């Protein structure tokens, strides 16, 4: 990879992951260009979450290389920010909204150093971006599902990374939050950031994303939504298990 | 009792002992908060029981009742138990709860075997080892308190230094991992800190009950506060107060072992908090009952209103039975009606009949702007 | 073997068998630590009942004390209902409290009577046979053997009557309630049985080591069989063998019998954990090695297959991590050659028809 040509934001080569004797991801090759907004879709158990996690080394890879902007992930950790599934943490944890968002700055601080005024300001401005500033001092246990998701997004914004990995950001959130998140993600990609999100709702794919990766253990297809998001590829990934078949040039809009 | 307390606080030995109990409380309150927040309360229980064979083995090998080797032995065997639990759960279908139960009982069993063996040794001071079971604060001497203080300071220092890292570990370890913190090392560090708290509690509280000294203060504190910092401080305070009170009680009454006395104190505070704090059992029950009552009242009010609308007369009276018809079993319509009457929203119209008052009509229209109709 | 030793072993066998039976369900329901809670909590019941009836083997004491175990469970569940207390923490604050109260009562008021803080921890199986059942001048054996025998019988009746209810509600609670099995009732019945067993065993092994006899034998069995029925049977076998060998170890070293039984249980588990045919650590490691080999074989075959068909031949920048080392790679090649799935010609690897077949069936069919 010469430095002259631009490396993709994320490049995954030969990625294979297994839990015990079950292969979860098989030989995935994926390139995600800078500034794109990509949906990862596939049936349950297709390895969508595993893809997001294994890119960041959270699950051990059997084989494969991941590079971020042309350099191995391990050297580019600060370029990647992660929005895990909402359900992965205990929302009764004793902490406030602004404190949770501040966690996004911990990586830059490194070991032992404490967050200070600068980090506090950053957290507040991230909260403002997700329209949650008025909730800054609230207990996280008092938030609705949509508000929790916004807090997680704000935490990721604080990291000022260039690649955003989101695991089902629209799971169980209200319509307003969904719109707000889409708006923020679009702003990010307009500003040259890259977004990769696990997505469940096939109805909204064409509306929200330009790029898509269709997954079912192996990579079924990837590319522009208007090119690869078709019934043939979905059949391959879901078998007969989906009733949704996008038609070419249809502009189905879900509410 | 008061005289006794005065005497206790003025006596040098007593002050030493109380100082030991207070420092132990502060450390276990702080450290226990992490065990509770990581949902590892029972791991503390296993570790404290598992310390026993280490204590006795250290005694058998060293032949004397030296404090430091006993502390080290206790820490090592507690850590070994945790290591074995991880080994078993990550390499077999045995679940964590079973692995913990096994580790606890096997280590404790081995500890008792070694204890009965050690007691046959020529100059074994039986009482000396026995005190590690249920604790005996009176046996604390200055040197012990010094060790407690130093170990405790170490634990507090670690917690202070790694405050934000520990928070990540407890709240969202996956996310913490993506930011470059080694969660494995942090896990080890937290375990080390918990073990050091257990070790310093051995003489005062004993292996059997030490886990409660970690868990109960943190549980109590969590009920009253929503911040992690305030929770840790409050837990330390609660544990210190219980430690001192328990030690004093144990010294004040004959034949009351220190450990159980301390645990009774700390448990009483924990139960009180769980029941009566703003998020507690009774408070939640009370809030639930109140909101259910309000909903029922609104329901009855609206039912009266709907029926009245059918008759085009807002003040039209209806029988109680008709109102009860559409509602669930166990829904006491009369009770709701009398509550509404007390609020002035309805009035009786004859034996069985009820109608809305003007203020009741206003109320129902305010309640449901959507229902407002001509 | 003296008659006294015989009596002790008889009692140990009965205790171990009664513990292992409900234990299997506790382990499967992930409630092993509930045993910890119950076995600690019943002490308060035992002591309060003892103050009343002054006889450790009285049925009143046993039933009263068992009720305290069930009470502790419902207390834990009540505490757990406060939103901010997690399950483990509610267990962790309830039983130490009850146990502490019991120990204080014991030290303060029950000095020099039949039970003391030592027997609570150590058990008194060696003394239990001294208390004999004598009917009209005839010595019918140790009283506690009869008490424990009745508990064993009850446990057997319990699981044979409620076998399918227990099985279904352990596996899938919501399904069980949808077919009308009332899993909550089953849960409390099981807790009552465990409490009763703990109280009965208290005499012999004390209040903490009973956990070993309840939890460990079923764990051993769990690694050896997939059938619930066989698991219960094997648990009983393991429990009894651990109890008897624990007795002899204690006899030989002249140490505490209950502690030694618990320790032997641990040794049994360690052996099963390491050596179990399929689920043992050594077996798992063997299996993992085999899997790694299979995986490497498949990867090599697929890349040869793709090459053959002229399809997107990728260079594997990570082939080193997949094959770990040159050594491992040549081992894989050697293996495949032996199986006749690849052939070497002119320093290059080729698929044989057999190899092609394997790619088609295993990899493509994925």
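When the chains are written out, they are named A, B and C in that same order, and each has its own residue count from 1.
Convention: a contact is a pair of C-beta atoms (placed from the backbone, for glycine too) under 8 Å apart; a residue touches a chain by one contact, two chains touch by 3 or more.
The structure displayed is predicted, hence computed values, not measured ones.
Give the label of the chain whose average Cα location is farthest from that of subunit C.
A
Would you mind checking which pair of chains has the most C-beta pairs in contact?
The largest set of C-beta contacts joins the chains B-C.
In whole angstrom, what separates the CA-based centres of subunit A and subunit C?
41
Report the inter-centroid distance (CA atoms only) between subunit A and subunit B in whole Å.
Taking the mean C-alpha position of each chain, the two centres sit 36 Å apart.
Would you mind pulling out the distance in Å between where the CA atoms of subunit B average out and where those of subunit C do?
Centre separation, subunit B to subunit C: 27 Å.
When you check subunit C against every other chain, which residues touch at least two of them?
83-84
Considering subunit B alone, which of its residues make contact with at least two other chains?
39, 222
Which residues of subunit B touch subunit C in the complex?
36, 39-42, 44-45, 49, 88, 91-95, 97-98, 100-102, 104-106, 108-117, 120, 133-134, 208-209, 211-212, 215-216, 218-219, 222-223, 253-257, 259-261, 263-264, 267, 270-271, 274-275, 279-281, 284
Of all residues in subunit A, which touch subunit B in the complex?
Residues in contact with subunit B: 53, 56-58, 77-78, 80-82, 84, 88-90, 93-96, 99-100, 103, 106-107, 109-112, 114-115, 139, 141, 155, 159.
Which residues of subunit B touch subunit A in their complex?
So the residues of subunit B in touch with subunit A come to 37, 39, 161-165, 167-168, 170-172, 174-181, 222, 225-228, 230-231.
Flag every residue of subunit A that touches subunit C in the complex, lowest number first.
13-14, 16, 18, 21, 23, 26-27, 29, 62-65, 92, 217-218
Which of the residues in subunit C end up touching subunit B in this complex?
Residue list for subunit C touching subunit B: 27, 30-33, 35-36, 78-79, 81-86, 88-93, 96-97, 99-101, 103-104, 107-108, 111, 117, 121-122, 208-209, 211-212, 214-216, 218-219, 222-223, 250, 253-256, 258-263, 265-266, 269, 273, 279, 281, 284.
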